[in-house]
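Next come two complexes, and both contain subunit A; in the first it sits with subunit B, in the second with subunit C.
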Partner chain A sequence: METVFHWLPTLGGGFALTASIAVQVVILSTFIGIAGGLILLYGPLPLRLLVRAYVDFTRGIPVLVLIFAIYYVPSGFNVSLDAQTAAVVAIGVFAGAQVSEIVRGGIGSLPAGQLEAGKAMGLTSLQRFRLIVVPLALPRMMPPWTNTAVEIIKGSALASLIGVTEFLYQTQAAVGTTFEPIPFYLFAAAVYFVCAFGLSQASHVIERRYQYLEQ
Partner chain B sequence: MAGYHVNWALAFSYLPMFIDGLFLGLGIAALSLVVGSAIGITAGALSLGRSSLVRWLVRAYVEVVRNVPILLWAYIVYYALPHLGVRVLNNVASFVLALAIYAGAYLTEIFRSGLASIPERYGEAGRAMGLTSWQRIRLITLPLMFRIVLPSLTNSFISLFKDTSVAAALAVPEITYAATYVNINTFRILESWTIASVIYLVVGYGLAFAFRAFERRYRMVT
Partner chain C sequence: MIEVEGIHKSFGAREVLRGIDLHVERNQALVVLGPSGSGKSTLLRCVAALEPFQAGSVTVDGELIGYRDAAGQRRRLPEKALAHQRAEIGMVFQSFNLFPHMTALQNVMLGLVHVRRRPKDEARATALEWLGRVGLGDRGEAFPAQLSGGQQQRVAIARACATQPKVLLLDEVTSALDPELVGEVLKVIKDLSTAGVTMLIVTHEVLFARDVAHQVVFMDEGVILEQGEPHEVLGNPRTDRFQAFLKRYANVSMRTS
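Presenting the complex of A and B:
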């Protein structure tokens, strides 16, 4: 454990990068997902088909292949994309497809009666969206969205394979230098566990807080 | 496009490598699913038992495994186990073990809910017929459970197949490794990643389609 202590500054730097990648991806994928989900629900047919193709295509390919492809392919066209940007874009595109489905499912599964009641009350479609759809759908989307966030944290570890000096990359560097895999891997597993498990537990607390919205 | 000349012929000359990679990936996924299911059935049954200590241990296994990246599990099995005196595993076996442990956590949840959803009257009927407890497990519980969890198992297989891409990090020559190899050795960058993506898409969706038909055949009618 002493060697881990020596490496803490390096590992800490890696962790900061992992955290930064995860936050960027969560933001990016949430924006993609809101747009994608709304298009899947309300968009004109050609656009809907396009988003459907994006979602199904992305979900059928491993994240690692997306990361490699988005990192390497531009270099063939003399466009240089740094590894970190490539990782954020690749994981963001992947998670964006999942969030699109979450948004579509969360809104699409609302009981029709709620919206009809809004219509009967004379609310405009924008008012119905703002006052009925959003408050009812958000708590439904929370659990799967948190799952995606956990997948993002775990997926960010794959960025180490294109040389992004994030947490797992620095862990591997430490293991390669010290030849002591056990303490470093235990430490890394503990860190990932605390972040990912902590996130899902925190979301359970928030879920319970808003549970009354569901009948 | 500036300076990039697509050359499919060169990339396609490596097709055998991709195909070998595909079968290796499918094999790894199948083996992990079998080992993971053994873990999952055991842990799932234990988590329905009376001992709260055992239930807590199963819970801990599931949560710890699910919240740590598969790449780290692969490293742990491949690089750390030898330091603990386990020195039998090459890269393929290491990855199978890592993926099985990983899948086992998800499968525990699947089998636990599958077991829990078997109506009690089936077991009671078996008892009334005078079946021993082992006969009831073998003739009633297990067949029913497999029919209930079948769709989840086939989904797990497809997602494990996609997870085998991570084995490239241990130089396991599956599809993603083949694409990396072709990319580096021929500079057929666009072609190699296109071929890999198409294989994953076609095989993944093809399997999903085939499995749906299979599941319809064995669907539970209650």
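Presenting the complex of A and C:
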């Protein structure tokens, strides 16, 4: 454990990068997901089919394949993408497909009656969206969206495989130098667990807070 | 006030409304009776501009609802014009459909603020007044989930009335309620009828129809079989189907007092 302590600055730097990647991916995938979900729900058919194809295709391949593809394929065309950007884009595109489905499901599963009541009172479709759909759908989307965020944090470890010096990469570097895998990997597992578990606990709190909306 | 002429409506091959004519006088209540699946709710949804229909017409206060005439062709109105018309047609649903993320007061205020564009404080005063009229003046801060079914339905009625639509449509508003809660909702409707609100009411409550209706219509399988003043129609059913219906629902109790 003493060696771990000794390596903390390096590991901390790695963790900061992991956190930064995770935050960027969450933002990117949320934007992709909102756009994708809204197109799946309300978009014109050709666009809808395109997004549907993106979602189904992306969900059907391993994230790691996507990371390698986005990192290595452009270099074949003499375009070089730095490893961190490639990782953010790859994981973001992957998680964006999941968030698209979350947005589509969260809005699509709203009880029809309440939307109809808004319609009947003379609200325009934009007003119904702003005043009824968004406030009712957001709390429904929170738990699966948090799950995706947890997946993103864990998935960011894959970025180490294309040389991004994030948390797992630095852990492996420490192991390679000290030849003490057990304390370092235990420590890494504990750190990932605390982040993921903390997030999903926060999600449960939010879920309970909004339970009154589901009658 | 409400003129329905020759409405035909089908879902796919199934014809739900097969030529319905109705006429609701200003300040009067017309009650449509009929068994489940007779097309009553669909009729209301057509009148409320919520549902397109294949033939016929609906006018409210002289305005053609849901369609416009374009060189002899009937065209569905654009969404914005439909919203404008729906504002004049209040609707109360079987399942209340209150907005669960808003308090009772906010539910009633919503249409005043966003449809009628009233200032917030004026909307609040009007909403409170309506909550008072339905006997819930002290429950404005409650969320729908904290109210009983009967209370929720009364909030829904206040919500529909607060914007002062020209007509009020009530779709089986007591069918989802526990029997002991039916009376409090029917009393509110009775009060509205006394106050001269023009209403088109779909219900199973035969005794209530007798009590509030100026006109009663019996509908089955998409057509109107009988219509007239309540005492003559209910007291002297001419068709077998209406007799059977009355026999089945005559013992449905009503407590408005």
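Assume the second predicted complex is superposed on the first by the 215 of 215 C-alpha atoms of A that agree within 3 Å, B and C clash if a C-alpha of one lies under 4 Å from a C-alpha of the other, contacts with A are read in each partner's own complex, and residues count from 1 in each chain.
Keep in mind that, in the parts below, a residue touches a chain if its C-beta (ideal position, glycine included) is under 8 Å from a C-beta of that chain, and two chains touch if they have at least 3 such contacts.
What you see is a predicted model; the values in this text were computed from it and never measured.
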item	value
Touched partner set for A:Q127, first subunit B, second subunit C, both or neither	second
Contacts of A:E116 with subunit B and subunit C, given as first, second, both or neither	second
Contacts of A:F68 with subunit B and subunit C, given as first, second, both or neither	first
First (subunit B), second (subunit C), both or neither touched by A:A157	first
Partner with the higher number of touched subunit A residues, subunit C or subunit B	B
Which superposed partner A:G76 touches (first subunit B, second subunit C, both, neither)	first
Interface residues, subunit B side, partner subunit A - complex	1-4, 63-64, 66-72, 75-76, 79-80, 83-84, 162-163, 165-166, 168-169, 176, 179-180, 183, 187, 189-190, 193, 196-197, 200-201, 204-205
In the complex with subunit A, residue positions of subunit C that touch it	48, 50, 79-80, 83-91, 93, 95, 97-101, 110-111, 114-115, 143-145, 156, 159-160, 163
Residues on subunit A engaged by subunit C in the complex (per definition of touch)	111, 113-114, 116-125, 127, 131-132, 135-136, 212-215
Subunit A residues touching subunit B - in the complex, by the definition given at the top	56-57, 60-65, 68-69, 72-73, 75-78, 150, 154-155, 157-158, 160-161, 168, 171-172, 175, 180-182, 185, 188-189, 192-193, 195-197, 200
